[in-house]
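In what comes next, chain A is part of two complexes: it sits with chain B in the first one and with chain C in the second one.
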Partner chain A sequence: MKTIFSLINVVIAIAAGALVFLGYVFPDLLGGMRAILLQWAIILAAFALLVGILNLMQAHWRKVTTKQPKAVYSLVVLASLVATLLVTALSGPAGKWSLWIYNNLQVPIEISLLAVLAIVLAYAAARLMRRRMTWYTGMFLVTVLLVLLSTAPLYLIGEVSLLNSLHSLIVDILAVAGARGLLLGVALGTIAAGLRVLMGADRPYGG
Partner chain B sequence: MSALLDAYGNILGLLLALLCLGLIILFVATGRNKPGRNLREIPAFQRFRREVGLAVESGKRLHISLGHGGINEIPAGSALVGLTMLDRCARAASISDRPPVATSGDPLLAILSQDTLRGTYHDLNAERLYDPSSGRLSGLTPLSFTAGAIPVIHDEQISANILAGHFGGEVALLTEAGERSGSLTVGGSDNITAQAVLYASAQEPLIGEELYAGGAYLGAGSIHAASLRMQDILRWLLIALILIGALFKLFTGGG
Partner chain C sequence: MTDILCPVCGKPNPPEAETCQFCQAPLKTSAFTPDFDEESDLPDWLRSLNADQNAFPVTSPAEEPSNVPDWLSSIGGETKEKEQPPSEAPAEPAQEQPDWLTDLTKDQPVEPLSADLPVWLSEQAPAPATPLSDEKQDWTDGWTSGEQAAEQQAEGEPSPSVPAFTFDAFEEPEKPTASESESGDMEGPLSTLPDWVADVTAEESEAEGGEDEAALAPAQLPSWLEAMRPAESDQPSTPTEDLSGASAESSGPLIGLRGVLSAEPINIRMRRAAAYSLKLRVTDEQKQRVALLEQLLADEPKPKALPAAPVITAQYVFRLLIALALLLPVIWAVASNGRLTPLPDASARPGVMAMYNLVERLPADAPVLVAFDYEAGYSGEMDAAASAVLEHLLGRGASLALVSTSATGPALAERFMANLNQQPERVNNPYTNYANLGYIPGGSIGLYSLAKSPRQSLPYDLQGVDVWASGPLSSVNGIADFSLVLVLVSDPETARAWVEQVGPTLRQDGAVLAMVASAQTAPLVQPYFSGNPRQVEALISGLAGGGAYENASASNGPARRVWDAYSLGLVVSVFVILVGTALDVTYKALLPGKKGK
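This part shows the complex of A and B:
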């Protein structure tokens, strides 16, 4: 029975994937079908959100009930989740209290994490010299320093024309060329990953 | 040239996809892609394979973070590679009492990670190892996802983290957590910013298309090796086309 279900999963996945892809190539012929399938995908994604939140609650509830270390944080997560759900259900997603939670709790917490991130990145750059001091690392760090120095006028010195020229060279030419090269590799990798799913070779959907 | 691309862009896209498909089938059929053959050394995968063995021996866990890119969006490619790596890790660690744990920032991806683990354990007749909480949604925004994944790295006896998916600059918080807990971190992403951050902060970064070679390097089957070979050929083809285009522009004076 499991084999039959697996086979049905594979057939549905390949057929849906192929129809959506061909819908982009032949919009007049299969564009309507593509739109319907994408609408279904959006509905399924919304339902998956509910399942995902239940999964999140289950994981933290288990931590609390089995009294694992730092379970108190899981309790905070659960309490916050329930409180936010209740407030949003009562006042609406754009209601006064929902926005209050967003503006006064979520945004400040995320901004403070970003502040920590700046310190972590500076520390990581320093650690990189100790861990992997190669020519590439040296080039990476010198480039970072040059771009940092040339991004804003220097204290007591002001703008340095040489640094500005270097900034333009690095940001507008070298970085763009390098990024395009990396993105070409990423694009080819994405095509390969998509084709493996379309061929039924990769089956992350329980096939 | 641009008018030609506008008019026939869709057909050219189809032809490119068919070319890729044809090359993959050709390389699988001709068997020129024996596992491990013709693959250059990528230190990140070598070290990760070693760490998987050590994790099984020492009774520790592997953590695979799939990022926060949606499966129905462009970053899906990197997430699919992450799911393949999850499958390989689950297989390698199936003799251990502590199965790998996957975190993601997208609900669909979390469900797919659970499905991947369930399918892998079913194949291995080891269903007892499957635990739905091994495939977790750790948060819904990039920073909440990161904040939810950090305790997993700190508190669940993780020996190695593989970060394979769509991340932003906040991935540095995950690599820092790995560093502090003394676990190995291998990381790759489709996002250029995340790649730069991973280069600086991960112990073993995967740059550019190296992430997409994960399946081939972790022994996920001949089709992964064949698709890697296809990528190599198309990359050289694109380089040649770019050079020809540049030369053409140089000698014809632009336009």
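This part shows the complex of A and C:
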């Protein structure tokens, strides 16, 4: 039975992928079918978000009921989720209380985490030479310092033409060249992954 | 007097004991000898049998050779010679023996058999000189004659007669009677049968033997029978072995005999099994090892207690100093609200100038699609970078349609617009020409669907109003009908999805895609802006780009308010990194032996 289900999954996935792909090649013939399949995928993605929320609730509820270590954090998650759902359902997603929760809880917490990240990165850069003192480490540190100094006008000094030139060299040439190569690699990887799914060699849907 | 050794177990017993006190075996033959005191005690059938025996005494063939044919008498003679024990052969050596064998036989000393007998056997041997009592003489004549015949046979003389049976329990098997030798195959059964049955059987066999002998007529032997006649050389002529030097058996049934194979070899001699203690013998050293192993096994599941870390370490102090060095200048700059550092020059940034010109070219009431695709953690940077652009757009009278591919994007858009309306000049005149269309599910597929049919993908705003029916968005039927698509993005993957899914549709219809990206995303978006033709028409990178746009638009936005703190923080960060690197290099130079932490 499991083999039959796996076979059905493979057939559905390959057929849907092939129809969407051929819809791009023959838009007049299969464009309508491609649009329908894409609409189905959007609906499924929205429903998957709800399923994910339910799964999150179930997992943390299990931790609370089984009294696992640090279950108090799961209890906080469940309480926050239920409270936010109730407030958003009553006042609407753009309501006053919904925005209050977002502006006074979520945004400050996430910004604080990124602020801590900035301090940790500065500390790691300061201790980098103690970890590994090589020529590559030195080159990395020099590049970091140059980009930091040339990103904005210096305090009490303003623009420095030499630093602007170095910034253009690093960001507009070196970084763009690296980014282009990265994007080409991503494109080739996407094509390969799509072909593997179409041929059934890769089955992210299971089976 | 010496002890009597048991013939079975070989253990000594007192001389007066009749049975072995260890194994209960009979020690003397008298124990088996029936006590017939008077003839009257015999049963009738036995008396008649005795009478018949006296009337018709059995004679051996040697006693009456005239009744036996010649050929049979000759066979009988040879058989008798064969049955002679080797020790008696030298007494009457065969005339046909070779000389060398005769000489060899002469050299062997003849010893009486009684000399080799053990003590216990000598005691049990019948005393030949002991006469029987008168009362027993009449009916035991036959026995006596039988014994005399056996003695005569032992001396090499033919026995005159063969007793039918004997009650004497002691009979030497080496000296069978003539009748037993002739009917050798009956010896086994007779030994196990009762005496009276053996008697009858012996008479029948003798009678049958007599009838067969009488029926045989003297004739010439056939050639095949002549061939079966034993050769003269097969006659026993082996010299007697001298057993005087052989060791005597000390135990078992052959105890006292010399020159015999031991019935109880040494290797299988019974002995008591060695007793092994069931208690495990463990030395002190082994006990110590076992205790150590048990202690190791007991301590294994226990978590090893970590040494108590000091509350204040050099690393902790260094980390705290870095945090204070970064935070204090930034806090001071924000609190002082100084404007000591000029904003970046927009002319030096092509992306900023392209954005500015793009907004300036937009017609009044132009529909603009704005995507809030960044997370709340990046709102400090993204709000400052995008505020000047959106304020410029709203100032130009553009109608904004706010969307997001992030679940928190709609709330972020509402927060952004609320912040814009909180400015002093907008308190009484807030921006209202925008519609928050909400969340686009499906990621890349949702973007593709939005590019093909925005009305179908997002039919209502967050309040549930159909914004497509009336107002500025009523003229929008496709994505290309928007005058500008502005994406506020902090994730490179999301930026790429917009370029790949929405960009082609926009370029096909002559629409424009612009981006405000965070500082970390800008390098990956830069190729789409630097290419020819551009897939991204305008690009603002981070807070510096937002400050440059404010500088170009001469606005007093959030970028200006935090610019001094931002610039000071960058300088302090560079200083901290330089100081830390110098300390590390110096530390390693002074202590070259310590590498790493």
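Please note the rule applied: the second predicted complex is superposed on the first by the 189 of 207 C-alpha atoms of A that agree within 3 Å, B and C clash if a C-alpha of one lies under 4 Å from a C-alpha of the other, contacts with A are read in each partner's own complex, and residues count from 1 in each chain.
The definition used in the following text is that a residue touches a chain if its C-beta (ideal position, glycine included) is under 8 Å from a C-beta of that chain, and two chains touch if they have at least 3 such contacts.
Quick caveat: nothing in here was measured; it's all calculated off a predicted structure.
Contacts of A:Ala45 after superposition: both chain B and chain C are touched.
In the superposition on chain A, A:Leu148 makes contact with chain C only, not with chain B. Contacts of A:Leu114 after superposition on the shared chain: both chain B and chain C are touched. In the overlay built on the shared chain, the residue A:Met129 is in contact with chain C alone; chain B does not reach it. Applying the stated contact rule after C-alpha superposition, one finds that A:Ser98 touches chain C and leaves chain B untouched. After overlaying the two complexes on the shared chain, residue contacts for A:Gly194 are found with chain B alone; chain C is out of touch.
When the two complexes are overlaid on their common chain A, residue A:Lys70 makes contact with chain B while staying clear of chain C. Of the two partner chains, both chain B and chain C are touched by A:Leu182. Residues 38, 41-42, 45, 49, 110, 113-114, 123, 125, 127-128, 131, 179, 182-183, 186 of chain A contact both chain B in one complex and chain C in the other. For chain C in complex with chain A, the touching residues are 318-319, 322-323, 326-327, 340-345, 348, 375-380, 407-408, 410-412, 414-415, 418, 436, 438, 441-443, 445-446, 448-449, 452, 457, 462-463, 496, 519, 522-524, 526-527, 530, 542-544, 547, 563-564, 566-568, 570-571, 573-574, 576-581, 584-585, 587-588, 596-597. Residue ranges on chain A touching chain C, taken from their complex, read 35, 38-39, 41-42, 45-46, 49, 92-94, 98-99, 102-103, 106-107, 110-111, 113-114, 118-119, 122-123, 125-133, 141, 144-145, 148-149, 151-156, 158-159, 164, 171-172, 175-176, 178-180, 182-183, 186.
Of all residues in chain B, only 10-11, 13-14, 16-17, 20-21, 24, 70, 72, 74, 76-78, 80-81, 83-84, 106-108, 110-112, 114-116, 118-119, 122, 132-133, 135-141, 143-144, 146-148, 151, 155, 169-170, 172-173, 175-176, 179, 190, 192, 195, 197, 199-201, 203, 207-209, 211-213, 215, 221, 223-224, 227-228, 230-231, 234-235, 238 touch chain A in the complex they form. By the touch criterion stated above, chain A contacts chain B in their complex at residues 2, 21-22, 24-27, 38, 41-42, 44-45, 48-49, 51-53, 55-56, 58-59, 62, 68-70, 73, 110, 113-114, 116-117, 120-121, 123-125, 127-128, 131, 140, 179, 181-186, 188-197, 199, 201-207.
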